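The structure under discussion is supplied below as structure tokens; questions concerning it will follow.
We just call them A, B, C, D, E and F in the order they show up, numbering each chain from 1.
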Amino acid sequence: MIKSSQIAEIIISALPYIRKFRDKIFVIKYGGAAQTDEVLKLNFARDITLLHMVGIKVIVVHGGGKKINQTLDLLDIKSEFCDGLRVTSKEAIEVTEMVLSGLVNKEITALLNQNGAPAIGISGKDGGLLKAKFLDREKYGFVGEITDVNTKVIYDLLDRDYLPVIAPLAGGENDENISFNINADLCASKIASYLKADKVIFLSDIDGVLDKEGKLISKLDENSISALKKDGTISGGMIPKIDACLECINAGTKAAHIINGKIPHSLLLELFTDTGIGSLIR
Amino acid sequence: MIKSSQIAEIIISALPYIRKFRDKIFVIKYGGAAQTDEVLKLNFARDITLLHMVGIKVIVVHGGGKKINQTLDLLDIKSEFCDGLRVTSKEAIEVTEMVLSGLVNKEITALLNQNGAPAIGISGKDGGLLKAKFLDREKYGFVGEITDVNTKVIYDLLDRDYLPVIAPLAGGENDENISFNINADLCASKIASYLKADKVIFLSDIDGVLDKEGKLISKLDENSISALKKDGTISGGMIPKIDACLECINAGTKAAHIINGKIPHSLLLELFTDTGIGSLIR
Amino acid sequence: MIKSSQIAEIIISALPYIRKFRDKIFVIKYGGAAQTDEVLKLNFARDITLLHMVGIKVIVVHGGGKKINQTLDLLDIKSEFCDGLRVTSKEAIEVTEMVLSGLVNKEITALLNQNGAPAIGISGKDGGLLKAKFLDREKYGFVGEITDVNTKVIYDLLDRDYLPVIAPLAGGENDENISFNINADLCASKIASYLKADKVIFLSDIDGVLDKEGKLISKLDENSISALKKDGTISGGMIPKIDACLECINAGTKAAHIINGKIPHSLLLELFTDTGIGSLIR
Amino acid sequence: MIKSSQIAEIIISALPYIRKFRDKIFVIKYGGAAQTDEVLKLNFARDITLLHMVGIKVIVVHGGGKKINQTLDLLDIKSEFCDGLRVTSKEAIEVTEMVLSGLVNKEITALLNQNGAPAIGISGKDGGLLKAKFLDREKYGFVGEITDVNTKVIYDLLDRDYLPVIAPLAGGENDENISFNINADLCASKIASYLKADKVIFLSDIDGVLDKEGKLISKLDENSISALKKDGTISGGMIPKIDACLECINAGTKAAHIINGKIPHSLLLELFTDTGIGSLIR
Amino acid sequence: MIKSSQIAEIIISALPYIRKFRDKIFVIKYGGAAQTDEVLKLNFARDITLLHMVGIKVIVVHGGGKKINQTLDLLDIKSEFCDGLRVTSKEAIEVTEMVLSGLVNKEITALLNQNGAPAIGISGKDGGLLKAKFLDREKYGFVGEITDVNTKVIYDLLDRDYLPVIAPLAGGENDENISFNINADLCASKIASYLKADKVIFLSDIDGVLDKEGKLISKLDENSISALKKDGTISGGMIPKIDACLECINAGTKAAHIINGKIPHSLLLELFTDTGIGSLIR
Amino acid sequence: MIKSSQIAEIIISALPYIRKFRDKIFVIKYGGAAQTDEVLKLNFARDITLLHMVGIKVIVVHGGGKKINQTLDLLDIKSEFCDGLRVTSKEAIEVTEMVLSGLVNKEITALLNQNGAPAIGISGKDGGLLKAKFLDREKYGFVGEITDVNTKVIYDLLDRDYLPVIAPLAGGENDENISFNINADLCASKIASYLKADKVIFLSDIDGVLDKEGKLISKLDENSISALKKDGTISGGMIPKIDACLECINAGTKAAHIINGKIPHSLLLELFTDTGIGSLIR
């Protein structure tokens, strides 16, 4: 049983972090288990709401993997992956857009509103927020590569104290009538880069970067990453994640975090305690 | 062949209307054929963009009937209508929400952006815009009756020069985890009432109110409507439409229009020419 | 040992309160042991800073009893109390003003700044904030009764995100060259009244209102207070405190709290936990 | 007879131009026949009002030739021209100022107000807008050469949505008590330069720059102008006009137009149709 | 010879008045000798500039009698007076407008700018400032009676720190193409009424209201005026002046002054010294 | 006896200075006799209020020498001076802070408020305004050298039209719990430097810089100062004063004045008359 004096001490222990992060811009990539498990979803919504309430300017970018697959299956549309990207046919992009911006986006937005955060869910096509071109039409179909971010839309929402929740879709570079499916990690990374965000945080299903013994590496930088790649510690699916982090940093984002969304309140633990729980790249 | 002097004269003939409507708030219900025919869709987008460009504060509220039916069919979910309202099961509301806010809303928003209007597509659940309660759960399922409109969300978007496109969905009155399907006509009408809009315009598939000879009645008021109802001129499906108009007017909206969306540029013709093409209720 | 998951749960348990109190105006009377004990002082500064950081508009009004006595003693100026008010001679008011606004006020302000709150220490004479007249010159000397509060000064500071720390002194009603000593409880109460504050909180050396068995009464209202006065439960020094609370409430302040400043982090416990620790008057 | 569908199409054909010109700054020199013919005057007023209504920031600079001559004649004051500039005696400058700012300026301003544009007529002497020095006192008398433009006056009016109508007069460089008569073309050109306007448009009595066959040359740039001057195509009175255009362009104005004010609605035709009707210099 | 210590004392003696009048709105009717004598003109310009500089929001409304007569004479246009108002023919109104807004208005504006006040000279027709109707067309011709004052124009100029100088002309009630000549006293009075000005000050050629012995009456109110009218002390041309004052006061203007513009710096003496020099009506 | 016409002339003679100084930032060091003599104190308060009223942005930095000595004496705390700086023990700094910010600062602030200036008295520790480090702890004790000025605090007060009165105290560089005593001349000089003030004015007990014959030198610059130092004209206590002036100038302050506060209204005479009364360094 925790005593009330301890409760007060724990709450007040968050003060230095709150002070430090006030008015800062955090882009949070939301995906994986945290997006499907009911308890983790609620935890996430409350964590994000708290971040918003203590004055952090939060932008959520979400994926939607499972729901897209389920709906494609229900509608008998086949989909496959290539290099970790969904090969998106004309049929599939319509369903993808519908599920991402109509189902997943609205579910997150609604949950945040219920917990007290004034979230507004938009897609990258609203207000001309995201423009893209084909990454490789032959290979991936309607998968896009972001060529421009209209940050005005985000600033306008933040200025009025809204919390933008963004579905990773983009319109065409020249306002042509087209929708692009964007990888959510890369989407968050690009938005963070254009905003020169203070932090970009990737909520995923892994603990972060692990060393050869499987122990978490808490802090990395360009040099250590380069060494870990050489000796094979960072390999496979971790390489694009880490590269996205490095790209952000080089574009002006101050810090990138990879944390495990399966741990309840992982966001709070990473941000508001001394030890942290994930990998921090600067 | 129209001469250039005539072109100039026609453009300038819109001036008195532009002058009159500047800075006014118009809520436009978008539905019916204008929402499905490719040419009419483009016309609509350009008309709306022009209204926005000449300084009218436009809010679009859309329906989505056909797409919802198609998707429900594809997913083998049955749906029926009762008193003109879709009886919405738990299964159906999820699909309805997904189609309205993920497909239809984004298509309209994208088309407006392509034509130059800075549209932002939101659902009534974003930012706590619309709150509702069950109309009659037993009879209609998840069909909602709006109990509150958070006009701040709309004003914040208008203040920054955005054009809000609203999908007719609402959250629960007490922030409970629920989605309500709202009839688009009533949704537009309620939003116009709370905003005390200058005009609410219903784009539908009919010419307006017709007299016994089938001729359009251009202007109506509470008295003439009451007489026309008595003698059976206004009957059937027109009654709820007209009642929605009257409700708006009584709540402070200055004028309500019913116009035929099948006529190309019907919005411009109604608003920017002397004759108009629909019925105006004051 | 508290687990990190518990830590996160405790921090997040503050969320509903943070949400509720955001942008609200709290006037906090700071006095008694919390103002003299080194550990309690630091706790207080951190609590106040946290309140400020989570978006509460905090105004601190302080007393200064012990320091005034010490300095009067050092300077061999006699002082006595009458009806709980310091009888303030011409000599004493100068020392009182100097100690309150030069020593006590600056110490609190400095401690808040060190903990991250942008505190600005002013006296009630700055910017014409407080005007007063003699309460009873013969009896109490330069003890004043507030006749006007220039709330503009406070709003100007709050608007720019400063945290005002106010020494309980006032100038003359007609801008005459005079300083009045104001009882700090009454000063906080008057300021809260003029601001129509959401809360006024009295940090004192008692637990709140106690019943005949010495148990804390958590909630009171005008009726219960009147009954408790009649049966003698509320008596002696508690009567003016309770009357100040009632006066605030009647002038538009939403709630008044009496809490024990000797309990570490009593402010956080009262505001951010369900049970609370003091008496709440509405 | 033009059908209503054609009317709508013509109005909507202006949309791309409206979109392009929104919030842009246009300085329009108003002179010649368009300023004397009753029908052309009204057309001009309506065109300008439309430009204002669709969000273009319009500044009108006017001449006043005929009225000045008429008044000088009525008052038996002789006036002659030298190098296209009115030689302005002490007597003549007083009449010139009175006619320009009291008669011509007010007539234009009134007509614009009647058509719905919130025009405010000022002279270059109001608010220290224009400062000048003698061009050549011996030769031209009180003809001035602008040495400074106080753009703040113009921006202040534009910011509050007014349409400035400027009489081409200037005060002395050192606030001395003097009035200068400024050539209206040069006045418009200087104002456009200081504002780095998006367009400066000269409404005159000619079609624009003509080639040796008398056909309009629609687009010119520095190179083509230089060639046309060499081969004598641009000569005589066209040279100073073209030079004023080039000077604007070099000072940061994006485009200069010379159009024929005798053509009804020439402004609209030049700005809102593909073909245009005058010469555009970039 | 005045000592420097006396100079400082005199300057500082203005402080209480400056303090009192800061941010107040004064409408000043400028006419009579002060408008024609070169020395008085300069004094007036410097007085007005000083009032502006110490934070008073000054609006100048001017007449123009002599210049109008001179110009009408020069142009051989006859003019006569009836009930103290100029009977204004069609020919005369054009000259009147030209002289008032092009000559007199610009002369005052220029002088103020030379002395450092950012004056902007407009006529009552600019920005739809003044609307009027015929007072009595048969009797007085184009003499108007003000029916509306668009105070937005004045506030917009004051907000940007400009000093409006207004020529007493008005447009038609229904935006028709017409100019009305307005009596300058009545024009100032109406503007003061609509602005609910703090003071309206009439600079004229008399000392104020005199008693039967010819001594100045410093203060008057509705009662004393009524008595003085009855006993014939106030009679003749003073009656309409006094009535204009009373009308202002009844419409919300706080005070009306009649002062003698022939006394150098009469404005400063009336406003910044204890004794004053004119008649004050409350 | 001075005639009223002379009075008006004298008031108006201040106009060119008022015009020149409007919206300018003046930092005024207040000390010496002007701070102790009752008449001079009142004169100072009225002069400062007038400067504020005519639109000058005034910041007052004060010393407090005599009162500190008196209080130290009363409390039997010894204090000595070394190189013109008070050697400040731990005991002494507490008293110094209390007297400066609680007694002297509040007395000045109150007097200004009584005369109509909205003064707010703060110490350099409020809002983190001044940060300092030990100048030489062994030699001078708690005498600080300013290392940073948080100009935001000053601008926030000026923006809301307050007149900041600053007690020369500073907190530690790293927010440590410490108070530093700052020499008031150097404090004013540093604040003026960080603000790039238009003027810094030192009110002292001498007439300014005197030449070898004891005659005032009205204007100095870097070169003349260097020469006067060489030949010994500037020596002793004048050297640090002059050096502070030069430092300001080099840091961007436009002008520094040394004037004799013993002369009544010396501020007005220096600023608002042609001759001036002190030394001006540019």
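In this section, contacts are C-beta pairs under 8 Å (C-beta built on N, C-alpha and C of every residue); 3 or more make two chains touch, one makes a residue touch a chain.
No experiment lies behind these values; they were computed from the predicted model shown.
**Student:** I need the common contact partners of subunit A and subunit B, sorted by label.
**Tutor:** Chains touching both subunit A and subunit B: none.
**Student:** Using CA atom averages as chain centres, what separation in Å is found between subunit C and subunit D?
**Tutor:** Subunit C and subunit D have C-alpha centres separated by 67 Å.
**Student:** From the mean C-alpha coordinate of subunit E to that of subunit F, what's the distance rounded to whole Å?
**Tutor:** 44
**Student:** Taking each chain's centre as the mean of its CA atoms, how far is subunit C from subunit F in angstrom?
**Tutor:** Chain centroid spacing, subunit C to subunit F, equals 35 Å.
**Student:** Please work out the Cα centroid separation of subunit D and subunit F, and write it as a whole number of Å.
**Tutor:** The answer is 54 Å.
**Student:** Check each residue of subunit F and list the ones that touch at least two other chains.
**Tutor:** none
**Student:** Let me make sure I follow the ring: beginning at subunit B and going to subunit D first, which chains come in turn?
**Tutor:** In ring order from subunit B, with subunit D immediately after, the list is B, D, E, F, C, A.
**Student:** Which residues of subunit D touch subunit B in their complex?
**Tutor:** For subunit D paired with subunit B, touching residues are 2, 4-16, 18-19, 22, 43, 46-47, 49-50, 53-55, 115-116, 264-265, 268-269, 272-273, 275, 277.
**Student:** If you look only at subunit E, which of its residues touch subunit D in the complex?
**Tutor:** Checking each residue of subunit E against subunit D gives 74-75, 94, 97-103, 105-106, 109-111, 113-114, 118-123, 125-128, 153, 156, 160, 162, 169, 171, 175-177, 179.
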